[in-house]
Amino acid sequence: MKFTVPIGPQHPALKEPISLRMTLEGEVIRDVDIRLGYNHRGLEKLAEEKTWLQNIYLTERICGICSHSHSTCYTQGVEKLMDVEPPKRGIYLRFLVAELERVHSHLLWLGVAGHEAGFDTFFMYTWRDREVVMDILEMVSGNRVHYAINTLGGVRRDIDDLQKKKILDSLGLLRRRTEYYLKIGANEPSFVARIAGVGRLSKEDALALCAVGPTARASDIPQDVRKDDPYGMYAEVPFEVATATTCDVLGRVVVRVKELMQSYNIIEFLLKNLPDGPVAVRAPRRAKPNEVVSRYEAPRGENIHYIKSNGTDKPERLKVRAPTLANYPATVVMLKNGFIADIPLIFAAIDPCICCAERAVTLVDGRSGQEKTVLMSELRRQAQERWKKVPPKKDAAWPL
Amino acid sequence: MRVAAFLPEILRHLFKKPATVDYPFEKLEVPKDFRGTPFLHPELCIVCRACVRDCPAEAIDILTVSEGDKRFKMVIHNDRCIHCAQCVESCPTTPKALEMDHLFEIAAFSRWDLKKEWDYVKAQVKPKAAAGTPPAEAKST
Amino acid sequence: MATLKTLLYIFVYPGLVFLFVYSTFCEWFDRKVYARLQNRMGPTHTGRWGILQPVADFIKLLAKEDIVPERADKTLFTLIPVFGIAAVATAMMLLPVWHYDLAQPSANSFSGDIIVLLYILTLPTLVFFLAAWSSTSYFSTIGGARVLTMLFGYEVPLFLTVLSPAIMAGSWRLAEIASFFQHKPLLLLPNIIGFIVSVICLQAKLERTPFDIPHAETEIVGGTFTEYSGKKLALFRLMTDIEMVAGSGLIATVFLGGFPGGVILGFIYFVIKTLFIIFLLSLIRALTSRIRIDQVINFSWKYLAPLAVLQLLITIVLKGFVR
């Protein structure tokens, strides 16, 4: 007999509000209904009211973990609009912070995966080692999250030799610990029993549903914006795209650990080959009317920003397509025919950053296919009218 | 697949000092470029209002107390500040009139306690060579 | 005089006050060891070394609002925690700490009391199931179903391994089993497989990692305890702690040679041996991750039950030689 269980909007497995309504039969999931919108903040509208420089700080605050991704994606796009070319040293420093952010995000994810599986010791150890990365970021940029190191035309701060040496020293510690975690994650029997064979997403399904990031790379699709469409200085840096063939949560763990090792190599290359020179150039206040699409490989997948300018000092439209939004349809396929006990793991395996994915919603009329935007006050008025006519039900069965 | 692969590691941790910092009895030191809260050196400010224009959170206000005496009042709303240090970067004077300090324990019980004010006379714009010496008639409080 | 003595036994020692103090101490020990294994500090600031932290948690829960869901069965919902405490407190009375006389059986030490103790220790699982069933929320129902499913996995190996030393000692009375092994300590060594299997089964009975699927926090919010709050939740947590002490006391009696030596020495042996077993339980908790319910049943019937039967065979073979 089927019954519907709500996971969310408030649930210990989720760090942010999202509603997954599961139709269950015993312990097996038959269908999933994903509902978004609990974390919508109106960022795209607010971006139209602020100048190009102030928007850097706004886009940074779309997310806490991948803050530098959004900031860099936006800054790259605006620099293209304004025809400003940042100096080499600025680009190297910008992507040094980007790779450090990738390291901290993947270590955070390893801990969260451990916690969802009940493996709290693993969670505590990975987060203890993540503190090393947070201290480096604080030393380089002045803050542990929301680094604010981008500016239009380059970066705001420089690093000296002492800081360079500190970063290179801690790389050794991080490399050792990451290899240890790979050994544990692949060998601890209770942990592997939880994550192997769970959340299968075949290669055809991943391609058809447009999965991005480590979710797609674990299904043996070597797709990475840094290799497919190199931005910044990634065309000169030697690294490999990490893939796995098992198509399940274990594959995603392996892909992220391999990416960690690649990031350490990239950071070492960037520090050893850091060119001299200025770190920023002056950028104008206004941009000519134009539109640009900027792509970036965030820790969670491909991040796309579309920016349109109309000649003033404020953008006309900013549209953000976060990677988690692209992974939601793949999640529905992964959850079907799984167990309840696997829900947190499968959902955590796509590394959900739900606040990144909350964007404007368009209403489509089901019969005529026409799109329209509705004012909030209008929706509220319609809802009040409807519920005035319906008598209150005592002892209503959920869902309504 | 080894049973109890983790065991030697966790037993070793029984004898190590915990990694936790016992805040508030022990505190960590912040690095030298840490972005704390902004504050003003009133004798250097030339009231160009670049910081007011560029602040993403509208956290700086400069009010005119008296136009003839060139007295101005700057209010920094620390409850709105997002600690990005864009105001420090936009300030055109040398040395900069705005600076970030290293305070991070700035919690208060009411947002009205977090506003800081400075009452001052606008500094004269000096050529770069003599920058740094406050002008003779500047009175700062 | 006898009634005064009985009242003292029931309320002070080894009754309710002693149980409260000792089980909160054991919870502190478990939390501190678990934290140190993970390189953290554990409870530190409430009382010296954080010893009063479980007591503080209990008092805080007593002060919280007590909500009864609208569709729950109110009588059962309210009385279940009290039944649970009664069951585990009775189990503690049957442990042979010092208030028994080896020569003559009494009300708390008689032939067959190992079976009664094992039966009373099954009651908490039934209490969890009834608590889940009377809550009538989706998460509790799933939790309750999981509690009973897990019962089918670990009960059989637990019973078999606890009964093997009884067979070797030739008696069904806990005090006599303990004294048999006190006189012949070398005979404890063949029981090592049974010791390991029974510690794992005790971890399953107490619903701790890796077997905490019935109240898995990240999946079904709280399982059995989702709808409980306030005083009833405080009593449930206390019940889990006392069950931990009672279970480790049982394993210490049967596998580690009991608590000889009268009032003071017996009490010291009790503390040391139960803390040793709780240390092993915390170690298992820090070492593994949670496994799914079908994997629990798989694991119990593929590994634990055959090992328990093997232990039984070893005991029977050795008994022939020992005689």
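Every chain is named by a letter (A, B and C) in the order it is written, and numbering of its residues begins at 1.
In the analysis below, a residue touches a chain if its C-beta (ideal position, glycine included) is under 8 Å from a C-beta of that chain, and two chains touch if they have at least 3 such contacts.
Since the structure is predicted, the reported quantities are computational estimates derived from the model, not experimental observations.
A.B. asks: Just by CA atoms, which chain is the most central one?
C.D. replies: Ranked by how close its C-alpha centre lies to the overall one, first comes A.
A.B. asks: Quick check: which two chains are joined by the most contacting C-beta pairs?
C.D. replies: A-C
A.B. asks: Which integer distance in Å separates the CA centroid of chain A from that of chain C?
C.D. replies: For chain A versus chain C, the centre distance works out to 44 Å.
A.B. asks: What is the distance, in whole Å, between the centres of chain B and chain C, each centre taken as the mean of its C-alpha atoms?
C.D. replies: It comes to 56 Å between the two C-alpha centres.
A.B. asks: Whole-Å distance, chain A centre to chain B centre, using C-alpha means?
C.D. replies: 30
A.B. asks: Going through chain A residue by residue, note those that touch at least 2 other chains and give them in order.
C.D. replies: Where chain A meets two or more other chains at a single residue, that happens at 121, 128, 188.
A.B. asks: Using the touch definition from the top, which residues of chain B touch two or more other chains?
C.D. replies: Within chain B, the residues that touch at least two other chains are 6, 10, 19.
A.B. asks: Could you pull out the residues of chain C that touch at least 2 other chains?
C.D. replies: As it turns out, chain C has residues touching two or more other chains at 37-40, 286-287.
A.B. asks: Can you list the residues on chain A that touch chain C in the complex?
C.D. replies: Interface residues on the chain A side: 3, 5, 11-13, 27, 114-122, 124-125, 128, 188, 190-191, 193-194, 339-344, 395.
A.B. asks: Could you list, by residue number, the parts of chain C that touch chain A in their complex?
C.D. replies: 37-40, 71, 138-139, 142, 209-210, 212-213, 216-221, 286-295
A.B. asks: Okay, in this complex, where on chain B does chain A touch?
C.D. replies: 1-3, 5-6, 9-10, 19, 30-31, 33-35, 54-57, 82-86, 89
A.B. asks: Can you tell me which positions in chain A touch chain B when the two form their complex?
C.D. replies: Result: residues 50-51, 53-55, 57-58, 61, 121, 128, 131, 138-139, 142-143, 146, 148, 151, 156-157, 180, 183-184, 187-189, 192 of chain A touch chain B.
A.B. asks: Can you name the residues of chain C that touch chain B in the complex?
C.D. replies: 33, 35-41, 44, 283, 286-287
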